[in-house]
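To start, I am sharing the structure in question, which I have written as C-alpha cells.
We call the chains A, B and C, going by the order they appear; numbering starts again at 1 in every chain.
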Amino acid sequence: MSATLATSRRRTTPVPIGALAAVGVAFLAIPLVGLLLTTPWSRLPELLTSPVAAEALRLSLITSLSATALAVVIGVPLAWVLARAHLPGRTFIRALVTLPLVLPPVVGGVALLLAFGRRGLIGQYLYDWFGVQLPFSTAGVILAEAFVAMPFLVITVEGALRGADPRFEEAAATLGAKRWTILRRITLPLIGPALLAGTILAWARALGEFGATITFAGNLPGVTQTLPLAVYSALDTDREAAIALSLVLLAASLAVLLLLRDRYLRGGSS
Amino acid sequence: MTNWRAPSATALIVALVAGSAACSPASSSGTPSTTITVGAASSLTDVFATIGEEFMADNRDIAVTFSFAGSSAIAEQIRSGAPLDVFASAGASSMDPVAAEGLVTDVTTFATNTLMIATPRGNPAAITGLADLPRATVLVCQEQVPCGVATAALFQQNGLDISPVSFEPDVVSVLGKIEADEADAGIVYVTDVLSSGARVEGVAIPVADNVTTTYQAGVVRDSAHADAAALFVSYLTGQQAQAAFAAAGFAAAP
Amino acid sequence: MSLDAHVQLGRGDFSLDLSLDAADGNTIGLLGPNGSGKSTTLRCLAGLETPQAGRIDIAGVTVVDTDRGIDLPPEQRSVGFVFQDYLLFPHMTVLDNVAFGLRARGESRQAAERRAREWLDRLEIGDLASRKPGRLSGGQAQRVALARALVTDPDLLLLDEPLAALDAGTRASVRSLLRRHLADFRGAVVMVTHDPMDAMVLADRVVVLEDGRAVQTGTPGDVARRPATAYVAQLVGVNMLRGRAREGVVTLDDGGEIRIADRAINEAVIVALRPEAISVHLQHPEGSARNVWHSRVSGLEARGDLVRLEVEGPPALTAVITPAAVADLALHEGADIWLTAKATDLDVYPA
C-alpha cells in the first residue's frame, strides 16, 4: 500500500470565526508588543539593578514564594475536605473559597484591613496583646497575596481529587496501608501534576497582586513595595523604570505559561 | 424561526445612548454649545465641584466636566495627547515641565495649600506637633505626587528623620487609613482634613515650619475650546471662586 | 474453615443474603449475572463495604460481627484482592507496586523489594520490575496484580473477574497460570466470574448467585450437568467435556472419545461443544464430520422456540434442534439417534 485510501475532509475555519479570533489575538498581543517596543533595552541592566528595583525584586520573590507555601499548606487540606469529606456546608465553603477570585482585589484589601487591621476583628487582639501589626509589614504582604492566590490552588487540587479514581485508595487499603500512608503514597502523588499546576498558578497570582497589597499592607520600599507596586509608583515619574520592571513581570508570566502545559490544568492523573 | 429580538434590542440601546448624549446635565435653557474637560489634582475634587457649578450657572453655554487624578498623572496624559482643555495642578513640579514644553499656556496661580497632620479620632497617639512624629507610625503620600513632594520638603526643612510605614499613592489612601485608625498620623493638606469633617482630627503645623503648595491652572495648547478654557482659568482667580477656595481651607494665591 | 461468612445487605431495590464457606486451599467460584451481588460480596469480605447484618470469619479471626459491633477496616484484614481492572498504581513501577503491601505494613525497603522480586520471578515476569503499569500488556498486568495481592501472604484471596479484561487468546494461558498458583495458595480463594469456563477450570466449588441469593452450589460438574435455574442452564449450556488429548483424539474423563482438529495437543484439555453445532440423525450419517456418536435420547425440553435434547453418554451431550425437526424425526425419550459434530466446531482449551 503506497498511499492512503482516503483522507478525512479538512474543515477550514469559517471566515467570521477566523476574523473574530484574529481580533482577539490582536487585542491581547498589541499591548504586549507595545510594551516590548517601548522597552529601553540598552538601559535595562542599569534600571533593573537600581536599589528600588532590586528591593522590589527581592521582596516580590520572598513574599510570593511564602504566600504560595502558605496557600499549599492550608489549601491542600481544604481541597481534600471539599472533595472527599461529607460536610453539610460544602457548597457554602466552596463559594467562600472562590470569593477572592471574583472579588476586586482592592475590596479584598479593605476586607483584610477590617479583619486584621489595628482595629480589626482579629487584628485588634494581635495589636493589643502582642503588639503585632500586620498592615505595613512584609507579613501583611504575604497574607494579602495568599488571600488572592489560595483559591487557584484549592480549585485545581479539588478538581483533581474529584477526578481521581478512589478505587486506587481502596486497593491500597486492602494491601494493608493506613490512611496517612494512602494519602502520602497514593492520593497526593496521583494528583501530582495538578498539584504542581495549582501551585504555579497560585505563585503567578501572588506575584502579580497589587490591589489587596497596596490597600492592606501599604507601600514601603524594602518592606511592602513589591514589583507591581514599584511599577505603579514609577509610572508617572520614571517611565523607563516602570517599563523595565513590567518586563520582569511579563517574563515571569510567560515562564508560568510555558511551565503549565495544558494537560496539567485538566487535573487528575494523566 | 429567526431571532427577531436581537435587532429590536439593539435599536433600543442605540436610542437610549443617543438620547442620553443629547441630554446634558448643565443648562435648562437649551444645550451648551461647548464642553470643556478640566484635568485637576485630586485635592481639588470637592472645591472644584462647587466652583464648576457656579461657573456653569454664570456661563450657560459652557459645560464643564472634571477628571481628577494625581497631578503628575494628568501631566503624563497631556503629553500623550489626552483631550483635556484645562490643567489644574497641585504644585509647580507637575506644571513646570509641561509648561516648558509649551503644552500648557497662560499658567495662572489660583490658590495655595499647606500641610497638616491628620490623626484618627481621639488622637490615640497624642500627637501635638512635628516633634511627636518620629515616635509614631506615620503615613505619607508617595514622592511622585505633589502632596508627597511637599511632605518630603517638610521633613527636610525641619530636620526630621522619619521613616513612614507606607508611601500611599494619594491623599485619599492616607486619609482612609487614618480614618480606620491603622496608623497614628498622616501628612495631608489642610483642605483634606477640613473636607474629612469629623472623621479625622487635625494637628496644625506652624506657618514658619510649613511648606506651601502652589496651585496653578493653564490652557492646554491643543485644546479645541481654547477660549472657553481660558475663561475658566481666569474665573478661578475671580472673587466667587476665591471665596469657595477660602471656605474649603485653601489660602489665597500669593 | 478458612472462610466462614454470612452476609446480609440491602441497598435500594437490591438485597443480598448469602452464606459462604471455604476450606483452606479451596477455590470458590461465585457465578452470576450482572447485578446479582457478586462484587458486593467480595467487597464485604475485603472490608470495602459493611453488611447490615452478618458475620465474617477469616482463618479463625472474626473480622465482621454486626451483633457485637465488630467491623475491621480493610487494612487490618489479611485479605488479598485482585481487582477486575487490576488497579495497579500508575505512578509506581511494577516492583514498587508489588512491594507496596509489605512496605505499608512496615517492612524495610530492601526486604520488601527482595520478596517482591521473588514473586515476580515466580510468576515469570521478573524482567518487568522497573516498568510502569501503563507499559504492560493485559496478561502481564494480571500477573503483577496477582503478585501484589499474594506477596503479603494473605489468609483469603479474592479475585474479581480475573480474566474478563483479557482478550480470548491471552485468557487461556493466564487461566492455566492462575490454576497453578491457586493450587499452591494455602488459604481460601473466592473468585467472581461470569464465565463458566473460569469456574470449570479454576473452582473447586461453584456458588451461583441470582438477585442476591445463592440458587445453586456444588462442584462445577454438578452445576453444569444439573442446572438449577434457567440462568445456570443457559450459562452452562455449552457442552464442556474434560479429557486427555493425544494426536487429535481426546479421551474423555467420563468415558467416550471426541476428535479434535489440532493434532499437536498432547495434554489434559477441556473441549467446548455448542449444542447448536451438533447434528441429529436417525441413521448413521454420511458426510465429513469426524465425530459420530450413536446413542439414545434421555430428555427433551422446550426452550423458547427451540428444543433442548439431552443425550445419554458417554459422552452425555446436549443438542439443540427445532420443534419441526423433533416432529420430522419423531423423537422421544429413549429414541435411538446418531449425533455428529465437526472437529472444526470444537473449542479446545488446556485444562
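Operating definition for what follows: contacts are C-beta pairs under 8 Å (C-beta built on N, C-alpha and C of every residue); 3 or more make two chains touch, one makes a residue touch a chain.
Fair warning: this is a prediction, and the values are worked out from it, not measured in the lab.
Q: Which chain is the middle one, judged by CA centres?
A: The most central chain here turns out to be A.
Q: Greatest Cα-centroid separation from chain B: which chain?
A: Most distant chain from chain B: C.
Q: Counting only Cα atoms for the centres, state how far chain A is from chain B in Å.
A: Measuring from centre to centre gives 36 Å for this pair.
Q: Find the geometric centre of each of chain B and chain C from their Cα atoms only, then give the gap between the two centres in Å, rounded to an integer.
A: Distance between chain centres, rounded to whole Å: 88 Å.
Q: So how far apart, in whole Å, are chain A and chain C when each is placed at the average of its C-alpha atoms?
A: That gives a centre separation of 54 Å.
Q: Which residues belonging to chain A are in contact with no fewer than two other chains?
A: Residue numbers touching two or more other chains: none in chain A.
Q: In their shared complex, at which residues does chain B touch chain A?
A: Contact set of chain B toward chain A: 70, 72-73, 75-76, 137, 139, 142, 144, 164-169, 173, 177, 180-183.
Q: Help me check something: in the complex, which residues belonging to chain C touch chain A?
A: Within the complex, chain C touches chain A at residues 46-48, 73-75, 77, 79-81, 83, 87, 89-91, 100-101, 104-105, 148-149, 152.
Q: Which positions of chain A touch chain C when the two form their complex?
A: Against chain C, the touching part of chain A is residues 165, 167-168, 170-178, 181, 185-186, 189-190, 192, 269.
Q: What residues of chain A sit close enough to touch chain B in their complex?
A: Touching chain B: residues 113, 117-119, 133, 135-136, 214-215, 217-221, 223-225, 232-237 of chain A.
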